[in-house]
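Next up, some structures in structure tokens.
Each of the two complexes below includes chain A, the first together with chain B, the second together with chain C.
Moving on, here comes the complex of A and B:
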């Protein structure tokens, strides 16, 4: 039975007019604004924003030292490079153990690990700061207990990590692993449910080790699911704002800033002194970087439906 | 053979302990925050938070809820208003449009749906500047205040939530057998009737899951709140808790209490409706 869409515009017109005003028009306008500076349209903003060398605002540092600040754009990239692989490997291993080793209360475990995804990211930012606090946090305490600060020659490891440029960014990245892991495990577990048990039984009969089963049997079958988690993790990492803003504010000395935070800083400056061009430029740069994973995601979703 | 069985057993016991230990370690920050919120801070520093709390004190909670400096009670109320409006409007519009995407065929369908998916991946940062300017212009021209207004920010959340809700409902509706709608069509029912009388009632579990997730999202948001809420009496809870954390000094007692208050509602929703929540998340893709 076909329905005539022209007689049923009520299904589309209200929604799309709403979206046109509040989402589509702002996207186009931000793009235009990113080229504007004092009523002239050039690509100057892009040049200025990308060559900025003040650590609090810079996107790419000119001289990349051994420890941050490296610039917000590079911080985002480092974030993805550490976070995405660690998340995927950890979730694969944990989901595998939970499913195939008869773990008691497995759904309760999954529910507990998911807690981080439910709470406001601002609060997550506070909690991450709490974990790395010298007086009350668990991580510096463990470091001290194992004397890792002395063994590794990094005394800051047993202090409040977020007070040190060398550790602030990494404490946030580790915190984001804590926060996001439950989501990734949930999706990967759901994917594992769809793998026929017989595939694993056969591998066992041939005497394959658990590691071989995980990486040679399960991972190949999970490829689409892993790719989805990978893309969603990257998108999440690139758009991070709240947890950074709440825990370090990008500091100390710009050593943990991210793109979304720089956009906000330019915005605040502009709301006082005018000239939103630079803020818009950073927003567009952020979007362009997300575009690659986003387009893969859109393409795959369209193909599926 | 006996040895092999025993070995398997020991592996299982070991892995049970390992995974449970991991899970407890994973949620230990939550326990830490809770203990810090009910214990005197001096004691937490001296003896740590991992102990049986004999002298529980609610003074941190009373301070953050009632002290006009923090006033989380007001933030809570504002968040309830914004999250409720920001859920009802997009739920209705998205369900309507998702029906359209599921049951109608037309030339621009793929393009329009691609546009929806694109909006779902875009960062909030890309839209706030023009919206800020737009709200200022509306106030100048029509005298309607939308910046620093709960209605104003609720509308933004509504628009922002629509795209993922359309995606979510389209997936949900496509699981409903086409024979049901076809039968109604034969009886001469219009699409609006079918939507309200047949599809929505069938989709109630989906409506619940979608509402819960959207509500939690709006509740959890900080970015819009930072940009569009200016005077403290309009602050939502996520904006309000930021005031507890000072610039240089952190009073962990107060901040922990504030954090517990701000995250309780999402946590309760999650615990009560766990199945809906997980189903929604697995089926959703992601926004935000």
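Moving on, here comes the complex of A and C:
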């Protein structure tokens, strides 16, 4: 028995060494660094980061108006609140239609939707920027064509969205829905494959509408899959950086900043902030926030297994 | 006899000293911000140097000032460098790195008396020079197409009222979206326009005082320039909304807009530079000139060769660069102005002939995260002129001289 344990430990050592060197040590060091300010260890960095008033660095705005800037932390929360539910609902509906309505070329549709996931995020940022550009973007053109800018009384809808604080964040959120939708549909479609056809047939026999079948039969059976997608979406939203960096840089007026971008800003200007402490502080805050959905995900996974 | 001759020949061949192998080439890596056409013009300078010093092999790597500022500190802190010679327009960054002891002191290698006055100020620390000046670009004013002005009988304005009349006339031309196109990247082209207005209506001194923090953005004198000169133009839609600056250049060149505020590098980016004309805001006594600075990290394995290359770039290399369509002028006073490429020479003569001061770039001089804030806040002002007070108060409160960062 003891020799078995020893053998197992031997196999464990390479992986653990790797993790210790590249994951555990950086995490611990970042945590220590977050308290360092000009070679002194205090909680000053946390106070400074949380009370920062520079629109491009603030985590929470002092005056929260009807439109951004609200601060990076709140922007991330808004991102999650819009992105996660919209992505899941859209994915459910699209996956359901593709599977149960025998759509021709469904594989092609899925492949096209998955494209967003295989585009490098920085490139995706540029694509999103162009999608919402007045001169070459499709979204402002559609808005103009349908006169939605006039109907809704928001003239900026037919202009370059990213020039306006009221629209910049939302254009990025919409863009990220496009990017993430492919992944979400793929996972949910795989989950749907596992639902016995008989369940759907019985519902049809009893005269259930497609809407009822989706929400009363399929959704309950897909709960674990939906939860997985939901948590992964939240994690993705919280660590967003590339698409914001490439498209708006957090502007205009700091209206589209996110936590990871602020961490980066403190990092590149470390020499002006007495070292990497401030950047590490934002990293720790970001990690703590990310930890909640991650722990739920781990707990659910362990429970299932 | 034959045997004797053969023996002598063999003896001579054996005893001849062996031909020394050619010396190994010194390899230097140079990081600079230029891509596309601008890279092509800089490569001409590199090629010239390799002809002069055939034992040196130069590799050019493109990295923007933003990316250098993002990645280099970590390298240098680890005692490493990705290049032997690095070029950036951000003097503040060079000083930051020098303060941390990462750079080679260039004071003994550069003769300061041979350069335009004040050029070393942004790269001086501890009374030493940490960056050598390369060529300079000017941000002289509003560019227009001569053919467009001729077609619609437009003339360069001599007074503010004439400037407003010109904008009105242009606005009335069919097919014109706005008289002036606003370039945008992450916001920097807007800052160039604003600086030009501040210098034109606040005098050349205001630029240096805003850099040092002696004058604040929310001071009455500065605010009035925004309120009385810029805001009316923004509110009357004389300026377009911010458009990605290279796209804006194409739209302007295709006559969808008539005027474009940009630096002299635009001369190398248009099909026909002879069709280019420009004018400064009437009454201005100074224009912004931005210099690229060259520095050497002390962790370079070829510091000696790197310094030789820096010395070349800061002297004859400048003359070579200015002679290409890169849109630059030399800062080395020993370079003859006659070497400057034609279309830029016209700009140079007009600015120098009018006795205008060449002033440092405001945001490049202040630097740090305030620079991005400046760009971002001005972009906000462009689409929302009513936010003027917020913008000016934010720029004041976050200025390093006031905030203490």
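Operating definition for what follows: the second predicted complex is superposed on the first by the 285 of 305 C-alpha atoms of A that agree within 3 Å, B and C clash if a C-alpha of one lies under 4 Å from a C-alpha of the other, contacts with A are read in each partner's own complex, and residues count from 1 in each chain.
The rule is simple: a residue touches a chain if its C-beta (ideal position, glycine included) is under 8 Å from a C-beta of that chain, and two chains touch if they have at least 3 such contacts.
Computed from a predicted model, the values in this text were never measured in an experiment.
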Where does A:253 make contact in the superposed view: on chain B (first), on chain C (second), on both, or on neither? second
In the overlay, answer first, second, both or neither for which of chain B and chain C A:142 touches. neither
Once chain A of both complexes is superposed, is A:271 in touch with chain B (first), chain C (second), both, or neither? both
Report for A:239: first if it touches chain B alone, second if chain C alone, otherwise both or neither. first
Which partner does A:202 contact after superposing on A: first (chain B), second (chain C), both, neither? neither
Using the superposition described at the top, determine whether chain B or chain C touches more residues of chain A. B
For A:27, select first, second, both or neither according to whether it touches chain B, chain C, the two together, or no partner. first
With both complexes overlaid on chain A, does A:151 touch chain B (first), chain C (second), both or neither? neither
Under the stated touch criterion, which partner chain does A:54 make contact with: chain B (first), chain C (second), both, or neither? second
Output check: A:163 vs chain B and chain C. Expected answer is one of first, second, both, neither. What do you get? second
Of all the chain A residues, which ones make contact with chain B and with chain C? 133, 135-136, 264, 267, 271
Interface residues, chain B side, partner chain A - complex: 11-12, 15-16, 18-20, 22-23, 26-30, 32-33, 36, 44-45, 48-49, 93-94, 96-97, 99-100, 103-106, 110, 112-115, 117-119, 121-134, 155-156, 158-160, 162-163, 166-167, 170-171, 174, 181-182, 185-186, 191-192, 195, 216, 219-223, 226-227, 237-238, 241-242, 245, 250, 252, 255-256, 259, 262-263, 266-267, 269-270, 274, 277-278, 281-282, 285-286, 288
Residue numbers on chain A that touch chain C, as the complex places them: 53-57, 133-136, 159-160, 163-165, 249-254, 264-265, 267-273
Complex interface listing, chain A residues touching chain B: 1-3, 5, 8, 10-12, 14-16, 18-19, 21-27, 29-30, 33, 94, 97-98, 101-105, 109, 111-115, 117-123, 126-131, 133, 135-138, 141, 178, 181, 183, 186-187, 190, 232, 235-236, 238-239, 241-242, 245-246, 260, 263-264, 267, 271, 276, 279-280, 282-284, 286-287, 290, 293-294, 297-298, 301-302, 305
Name, in rising order, each residue of chain C that touches chain A in their complex. 66, 69-70, 73, 96-97, 99-100, 184, 186-187, 241-244, 247, 251, 368-369, 372-373, 375-377, 379-380, 382-384, 387, 394, 397-398, 400, 405
